[in-house]
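What follows is one structure encoded as structure tokens, with my remarks underneath.
Each chain gets a letter, A, B, C, D and E, in the order it is written, and its residues are counted from 1.
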Amino acid sequence: MTCWDILSDYGLRSLGFGERLLPRDNFTICQQVVLIGSGMIWNIYFGLLALVSGFFLAVATAVGKSHHNPMFRKPAEWFIFVFRGSPLFIQFFFAYFTFQSLKGAYPIFTPLTSAWLGALIVLFLNTAAYSAEIFYGALMSIPKGDIEAADAYGMSGWKRFRRITFPTMLRLAWPAYTNEAIFLFHATTLVFMSGFPARSQMGDALYYASYFADKTFNPFIPYPILAGFFILLTLTVIGTFGLINKQLNRHLPQTNRAKIRLRLNLIR
Amino acid sequence: MAAIFSFCSDPASLEGIEWLSCYLTTGKHLGIYWSIGTVLLLLAITAPVALFFGFAGASAARSRILPIAWFGKGYTAIVRGVPDIAFFLFFVIALDQFFEWIRHEVKCPDWDMPIRQGNDFVVCPEAKLPLGTAPQWVHETYGFSLAVLTFAIVFGAFAANVLSGAMRAVPHAQLETAEAYGMTQRQTFWRVLVPQMWVYALPGLSNLWMVLIKATPLLFLLGVEDIVYWARELGATKTAKFTDYPHGDWRMWYFLALLVFYLGFTKVSEVVLDKIMSRLTRGQATAAGEAQRKAAA
Amino acid sequence: HGATVRMGTEGAYPPYNFINDAGEVDGFERELGDELCARAELTCEWVTNDWDSIIPNLVSGNYDTIIAGMSITDERKQVIDFTENYTQPDPSAFVAVAGNDVDLAGAVIAAQAATIQASYVAEMGATLLEFATPEESIAAVRNGEADAVLADKAFLAPVVEAEADLAFTGDDVLIGGGVGMGVRQSDTELRDKFTAAIQSMKADGSLNAMIAKWEIGEQF
Amino acid sequence: MTLNSPVIEIRNLHKAYGALEVLKGVDISAEAGQVISLIGSSGSGKSTLLRCANLLEDSQKGDILFKGEPVAWKGEGLQRRPADRKQLLRIRTNLSMVFQQFNLWAHMTVLQNVMEAPVTVLGRDKAEVEEKARMYLDKVGIGDKCDVYPAQMSGGQQQRAAIARALCMEPEALLFDEPTSALDPELEQEVVKVIRGLAEEGRTMMIVTHDMRMARDISDHVVFLHQGLIEEEGAPDALFGAPKSERLQQFLSHSLH
Amino acid sequence: MTLNSPVIEIRNLHKAYGALEVLKGVDISAEAGQVISLIGSSGSGKSTLLRCANLLEDSQKGDILFKGEPVAWKGEGLQRRPADRKQLLRIRTNLSMVFQQFNLWAHMTVLQNVMEAPVTVLGRDKAEVEEKARMYLDKVGIGDKCDVYPAQMSGGQQQRAAIARALCMEPEALLFDEPTSALDPELEQEVVKVIRGLAEEGRTMMIVTHDMRMARDISDHVVFLHQGLIEEEGAPDALFGAPKSERLQQFLSHSLH
């Protein structure tokens, strides 16, 4: 069987297309690469959707937390505290549990117990909380002159936020937010590991990697393949975020940026 | 088994609070209490080490000497790329084998068998880490140290990213002034850049800390029993056959207890981080400094 | 006594191995292992390890044996050696909610991920639902996520006994070739020592007594 | 709102930073088209006064009226805050400020800086505003710097951008905090011309300055602030010609030639 | 290093920001104890010149000599950089600068700002430096603000702190970029006095200023910069009394009374 056949048989196996059964013996590198790569579809699906939707909730929550009115501040603080304060697998556990009882009561909630929706919701809330804290920290380090000038020109509320606060906040938050995006993609590996059941052997990259590790008893092939895929994914994230970062920092004098470089200074 | 309370000798006859107090003091439960200490110790050691790695990585990435800069950038980009769980599933074993291989080369130069025998990794007995005859606690300590090292490498990469972002956020004029006053690059770095970068770095670092706190369940992959392992184990359904304290699926309650533990720990962390932050923003021309001033007014 | 041997187990699979109230490894395999060590004149230390990484850690030398209810299969034999089996091939069984007549071929069946049972369900054509722990796979049946669960009969028996609303269903299936101790392929000496000890226990009937005591299944 | 009430009126204003009392009861009123200069030594509270007038700082006692309408307060003493956000915005859109440190928005080009508030706050048409913005930038002599970021400009250029930003709002009143500190005498004269033109259009201005010649040239009324109180005030000729208080005499002795 | 060589000497200096040529060949030399004023309109390159003299900006052509010792370069054109870091440091420790935007270190109190460089760069005794720092802070009139952070001070106070910081280095040469822009006339006179005192001690100074009176009062030599070139230079009386170039005549027409 050539690698092309394997690709057509297993390329979309994580979504339930192609061969019904996973390979069971004579494992080839190609099989492992294809199946683990197929699993990446889920990691990207979860990561991307949670990241994009979480961004908006995060910004709203960060603003809420910095609001002087406790009506906005308190809920935001509690939301951040609970989701940032507890491990993801506990969130998965309780979410799965809650979704199940909801499903028992009202059948329309049935999709919630499937990973594609249930786990996505948990990841969405989780990343929103972490990002909100990052954005809040950035909000707090905005130079006061910028805000003052906006105030003085009668900019307020939404206008001031959209034009002055938000761009500066993003610029300051970006490096940490990049980290959070990466963490989120990594966290997607926990969905089938400790959260939701995998149905008919449709799982994410880690699911297939551990399948192979379990069958071949050799962790040194499937996990590095997994790591390789994730490095590619992360480099893409870093690249994309880096482009945005350049855009956010375009006002800093170019010459200076290149010039002020310091040597390795570990010892005083 | 030596029970803590004398009335625990016949658990089947107990009820209510007495049953519970006996249940919660079984040797198994002492295991979970002990593991809390393990987790805290791990965090207490890992955090500074990871910060150091991060600092070194960030400084290296800024270096003018290209190979050092590449190393710093490569470290932050590559290590950040790999999910920590994958790290624990293969990297730690590789690391362990690497150490043993080094020891093997040093201690058993006359060893004539290959190190790789089929699937097996075999070094001479003197090279084993820890020695096969060492008591269990040495093995656990070794696993623990490997965990610290791995966590530090992984989280150090993220810390490096946060710190280099923070270094870039320090206004250029501040560094330039230092140079104008004849400070060496080293002095500028330590006297101006480093003190000022924390304000920008702290939010990102505190996020890392929060993630690190929650990464401890990975410890069990190295054979170190942490609280999550114990909560899963203790919460699982227990039939009367194998225990004096049978119960149904209690994971819910154990996870709730874990939740409380993590939330409490988070709260404490937040209080401490807030203190540090308010110290750093005192008198600064930022939104936080301004809020602080207005609040104090 | 002779050399120290580190015995790796999982500690989460009664009656084979589990953590008792005192926090120590207990169960059929603990008793068996201690007896085998005594007969082979070895000092034994017990270590628990996650199921997922239990073989890589053996191969890498972090302990010397696996004694964790591990069925002898051809796949595993390619990587590690097994001693002679110390249980008969152990049947696996389906458990469903009592009174439900499940058509197993078209049902949703839960199993622990990365077990021989999971592979079996995938192959028989039913919809496989994989959970990280055996505990969760039984819970899935209780709350209706899955129609049935497939696991080792010896593991399921005490659960069914304790819970009235769960019952065995369908026929038992035989997967795997009995349980043995896993050792590194390069460790033939250790393997032979333990095999000899197992044979001597089989011969004098003490193994059968232990199997009966822990209700593991068929005797030799 | 009575017809002849002053555009900006400040009554008995008190302001402290923590324990440091900066303003200890200041009264100022500026009628439509009037130019008021604030002079006084460094640290005497001039900037603070402007910032209070713009409600950027909360004051602890006293009233601020804009076109006869008093600012509504809630709370007392150190807790005193403006009560009505709508009012606050209304006042601020009619009042533009040039900051001592310029406070240009670092992430916007000069042109964007100038266009920002008219477009987003006043909701004016973008194309029109751009035309105006370029006109004002030309007026202060940096029409060629439209597309650079503030960090790439010289100090004087930044200051002029900040002035253009304030002008482009075309507000009823303007607050200038040392608007010519970074400018050479030639440009200073340009700015003085601009300010005169604005006064003729009927706009009200309060100007903090260290340049006595400028204060004398352009203002209708000069206020000398000393240690948080008005030490002396009056028409420029009277004040500079025949200062009454000893402190002012001393202060002026250094600048009169 | 010859004995009578100028302390700072700049020869045919060229500097561009990208495509924008700012300095197009400037020659200046300042002997020990000399005070040189740089005047010129906003954006003419005065700050850039000072920053080049301090080697904060890389110049593309021309030489900079400190006490007769030329700065060593490596690279050409836009890639030209100082070659010798030791030399760079040596020059900078003997040369203090007051920035146009002050650039006080935000994380240090005023006293710490002033003490920082003498202690860490020159390695002077901490207690001694503190005494001196307080002395200089008193001298510029902000002795009471030792323990506040820069952001908590008025513009003029920040500027004075920046001056005290430069003075406390007690360097051979000082570069002042509009050191009195935020100061009232009274304080300006104080600063002028301080500068005179420094000149008497034999220190060399280059001062950028918009205040023609100050330039006339304190300098030995005045340089008028225009569009990146020296348009005219000379003794203050000659230059201000009888400006030759048309551009300078026009420039001065606004400030002479």
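Here, a residue touches a chain if its C-beta (ideal position, glycine included) is under 8 Å from a C-beta of that chain, and two chains touch if they have at least 3 such contacts.
For clarity, every value in this text was computed on a predicted model and none was experimentally measured.
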Between A-D and B-C, the pair with more C-beta contacts: B-C
Relative to subunit B, chain with the most remote C-alpha centre: D
Chain centre separation (subunit B, subunit D; CA means) in Å: 54
Whole-Å gap between the CA centroids of subunit A and subunit C: 37
Whole-Å gap between the CA centroids of subunit D and subunit E: 30
Cα-centroid distance, subunit C relative to subunit D, in whole angstrom: 83
Shared interface positions of subunit B, touching two or more other chains: 89, 93, 119, 176, 185, 199, 251, 285, 289, 293
Where subunit E touches two or more other chains, by residue: 17, 101, 151-152
Junction residues of subunit A - those touching two or more other chains: 143-145, 193, 210, 213, 217-219, 252-253
For the subunit A and subunit D complex, residues of the former touching the latter: 143, 145-146, 148-156, 159, 162-164, 167-168, 171, 248, 250-253
Residue numbers on subunit D that touch subunit E, as the complex places them: 17, 39-43, 47-48, 100-101, 141-142, 152-157, 160, 178, 181-189, 210, 212-213, 250-252, 254-255, 257
Subunit B residues within the subunit E interface of the complex: 171, 173-174, 176-185, 187, 191-192, 195-196, 199, 280, 282-285, 289, 293
Partner subunit B, residues of subunit C touching it in the complex: 3-4, 6, 11-12, 14-15, 18-24, 26-27, 45, 47-50, 52-53, 56-57, 59-62, 64, 79-80, 133, 135, 138-139, 142, 158-159, 161-162, 184-187
Subunit C-facing residues of subunit B, complex: 1, 26-31, 89, 93, 96-97, 100, 117-123, 128, 132-133, 135-136, 139, 220-221, 223, 225, 232-233, 236-237, 239-246, 249, 251
